[in-house]
Amino acid sequence: MAVGSTPTAILGTADAGDSILVVDDIVKRFETPEGPLVAVDHVSLQVRPGEFMAVIGPSGCGKSTLFNIVGGLVDDYQGTVSVAGTRMRGPHPAVGMVFQDESTFPWRSVIDNVAFPLEIAGMRKHERLDRARHFISLVGLDGFENRYPTELSGGMRQRVAIARTLASEPKILLMDEPFAALDEQTRLLLGDKVLQIQQALQQTTLIITHNITEAVQLADRVLVMTYRPGRVKRIVDIVLPRPRSSAIVSSDAFGHYVAQIWSDLREEASRGMRDEETRRKAGEDAR
Amino acid sequence: MAETGRLRAASIPGVVGSPVLWLRLVIIATVLAIWEAVAASGLLYRDVVPSLQAIAGAIVRLLSNPEYYWNLGVTAGEVGASLVIGGLSGLVVGLILGGSRLLTKAYEPYLYYLGPTPKIIFFPIMIMWFGVGTGSKVAMGAISCFFPIALSAAAGMRQIEPILIRVGRSFRANTWQMATKIYLPAMRHPIINGVRLGLGVAIIGTLLAETKLSNSGIGFLIIQAYSLFDMPRMYAMLIVVFVLAIGANAFVGWVGRLDRVKIR
Amino acid sequence: MTSTTTTVVRVAALTRFGPTALGVATLLLLLIAVEVLIRAGFINNYIVPTPIQVAAAFERIILDEGIGSRFLLTFTEAFTAGAMITMVGVLAGVLLYRFDLLRRATETWVAALASAPTVLMYPLFLVIFGRSAWTIIMMGFVAGLPPVILKTIEGLVTTRRVLVDVGRSFKLSRMQLFTKILLPAALPTIFVGVRLGLIFTLINVVGVEFLINFGGLGQLINDLAERYDLPGTYAAIFFVILVSVCFFVVIERLERWLRPVA
């Protein structure tokens, strides 16, 4: 498949018309002591309303940078990001972000964490606590409203973070490796939970991950990125029945998709590893 | 990933030197200007804010007066002696406590809670026991610096990696060898920090004792200036003492960092 | 099986209370030894009163010397100074955090101030404020201020990046970012700074009371010493130690109680 700027064939059957998120030709450069580094190199993608898209790539492919750009936390880049036709620069209320690191506020209870965006929006206390309870229930944390994050497990804290972002009812949910810190079983089960919620809300979701199983389990389409400089290598349509559950991981079709994506990813991941080793060796010799 | 957009202006184009240096100079200059203005206006009664010239003159007179250096020597001697007495005993006690969980639990709470008490209140007792001369001042300095050094040494003992101790034992080192060749070198950073703290409080303890009851030393000179209402002289001495104390502290800190640079 | 359980329980109790008991026992032993040595004439009774004499003096100083009002005076001085270091210190810390250039210029100065013998300035403060409570309060203030400022800055600077990102992703205004995220996240560290500052403040308050012979508990010691009431002096010193120990235990408990929320 061609690497470089993204020909229409790779973009698949969607066209810009009915997409709710349009990321167009993003280029992001960083200044490093070793010279300019291109993290994201002419990346474009489109997400349809209600679609679940996964972006997968090796470490160092710029996927986290992409996450920050689409979320609006980084704003000096080339290209455009549009949500529902409106171009955006800077954090946009229509885009909700769930981060990889521990992001719950340790000094607030679960319900106060989840109600946070509603509090900012000026909603009255009674109403926002009610709404917060709805989302807490959605992620399956009923009964934990008045607990504090330190009393919860890592997986539960991530659920609180997801509930908090969902409470702001974003048009697009952006997640950056939300389950990276969890063990495989918890991850699969939480994946199920996220799928349920996504189906129920018809929430447009874009998830960044390095885990192939997760990508195929959750997504409608998987976008594979190359190693630095990050470009779109391939977009894979995942045609697996919906509603899905983690039981799907044992099916033949599932294995087929995983194999296909891995063969693309493996090439990039190896390149990444060799590059890392060369750099470290050069660094040592320089001393 | 690389830092997103956190640029730091290292310098303003067209201006020589760093902005930090310039800001510091501006702040100092402003303070001095305000001081001089208050001094000249006579707002505060009598000599509470002497002119900068008067203070500068007093500093010069002070530093060119052999009497000052003699008193400085007395104080320095007292501080030195109290560091040796308080420091060594603190070190020994800390090493013993830190090496045994039982002893730590039994006695360290006493050190921990006695530490932050104002030692100057023991001064009347010190006078009774050691007389009104330098003895009581050295005693004050010693009990002041005993606590932080003992606590640092005990903590230092506890943070030694057990593997180092096992290596020493496997070579059948005796207690003295263990102490000097394994424990102390492994603990040098906590000890240096403890000594730094101890130096600070030893200086304070000795000088305060001198201000309360003495006929020699810097503390005595300060209180003498107070009783004579010689404000420029008092300011001069305070400035010099502060510079010396901060300098001594910085010096110990520098010594502590020496081997870190070497290991690189 | 019951005998094994009893042994286990006994050993557990021994390891738990043993060391504390050892400490207390050693203390009592020392006191008894001192008592005996003085009575036997090995230690001069003129410079060291017996523990029993000191214990007797306790009642005397509590009743006759108005220990209640003295305690209150010292407490008020320390409290005022404590309130001042908190308000001024946190405000200064926030300002230094906000204005990065100012922080880089002055942070080392504040750290140097923390290690300088500021209490030596008490004769100067005596001239400015006279022999009054304000000299004592201002000395306590100067001594306790640097740790509060430094820890406030530290707390704000070390707030985890992701928490700030969450705030930004919800489009918080600068003020909201500060009040709803930075400040709550920094609070535990700020409290550590206030505790450190309070310790220095109290030490200086009692110390300066003693030195200038004015105030509450510190002045009591000075008074009794000048009257050559040796058992009374020892008793007063012991009392002050007790007060300061209780004070620090309380502050520590308070900090630990607030900590779990972190």
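Letters A, B and C mark the chains as written, and numbering starts fresh at 1 in each.
Simple rule for what comes next: a residue touches a chain if its C-beta (ideal position, glycine included) is under 8 Å from a C-beta of that chain, and two chains touch if they have at least 3 such contacts.
Bear in mind the structure is a predicted one, so any value in this text is a computation, not a measurement.
*Asks:* Which chain is in the middle, if each chain's centre is the mean of its C-alpha atoms?
*Replies:* Minimum centroid-to-centroid distance belongs to C.
*Asks:* So which one's got more C-beta contacts, A-C or B-C?
*Replies:* The comparison resolves to B-C.
*Asks:* By mean C-alpha position, what chain is farthest away from chain A?
*Replies:* Looking at centroid distances, B is the chain farthest away.
*Asks:* If you average the Cα atoms of chain A and of chain B to get two centres, how far apart are those centres in Å?
*Replies:* 54
*Asks:* Starting from the mean Cα coordinates of chain A and chain C, work out the distance between those two points in Å.
*Replies:* 50
*Asks:* Report the inter-chain centroid distance for chain B and chain C in whole angstrom, where each centroid is the mean of the CA atoms.
*Replies:* Chain centroid spacing, chain B to chain C, equals 19 Å.
*Asks:* In chain A, which residues are in touch with two or more of the other chains?
*Replies:* In chain A, residues 73 touch at least two other chains, as defined above.
*Asks:* Can you list every residue of chain C that touches 2 or more other chains, as numbers and ranges?
*Replies:* none
*Asks:* For chain A, which residues are in contact with chain C within the complex?
*Replies:* Spelled out, the residues of chain A in touch with chain C are 71-73, 90-93, 95-97, 99-103, 105-108, 116-117, 120, 148, 150, 168.
*Asks:* Under the stated contact criterion, what part of chain C meets chain A in this complex?
*Replies:* Its residues touching chain A are 160-163, 165-166, 168-172, 176, 180-181, 184-185, 187, 260-262.
*Asks:* Given the complex with chain B, which residues does chain C contribute to the contact?
*Replies:* Listed in rising order, the residues are 18-20, 22-23, 26-27, 47-48, 101-102, 104-106, 112, 115-117, 119-124, 126-128, 199, 202-204, 206-207, 210-211, 218, 221-222, 225, 230, 233-234, 237, 240-241, 244-245, 248-249.
*Asks:* Tell me, which parts of chain B touch chain C in their complex?
*Replies:* Residues in contact with chain C: 19-20, 23-24, 27, 44, 48, 102-107, 109-110, 113-114, 116-118, 120-125, 128-129, 196, 200, 203-204, 207-208, 211-212, 219, 222-223, 225-226, 229, 231, 234-235, 238, 241-242, 245-246, 249-250.
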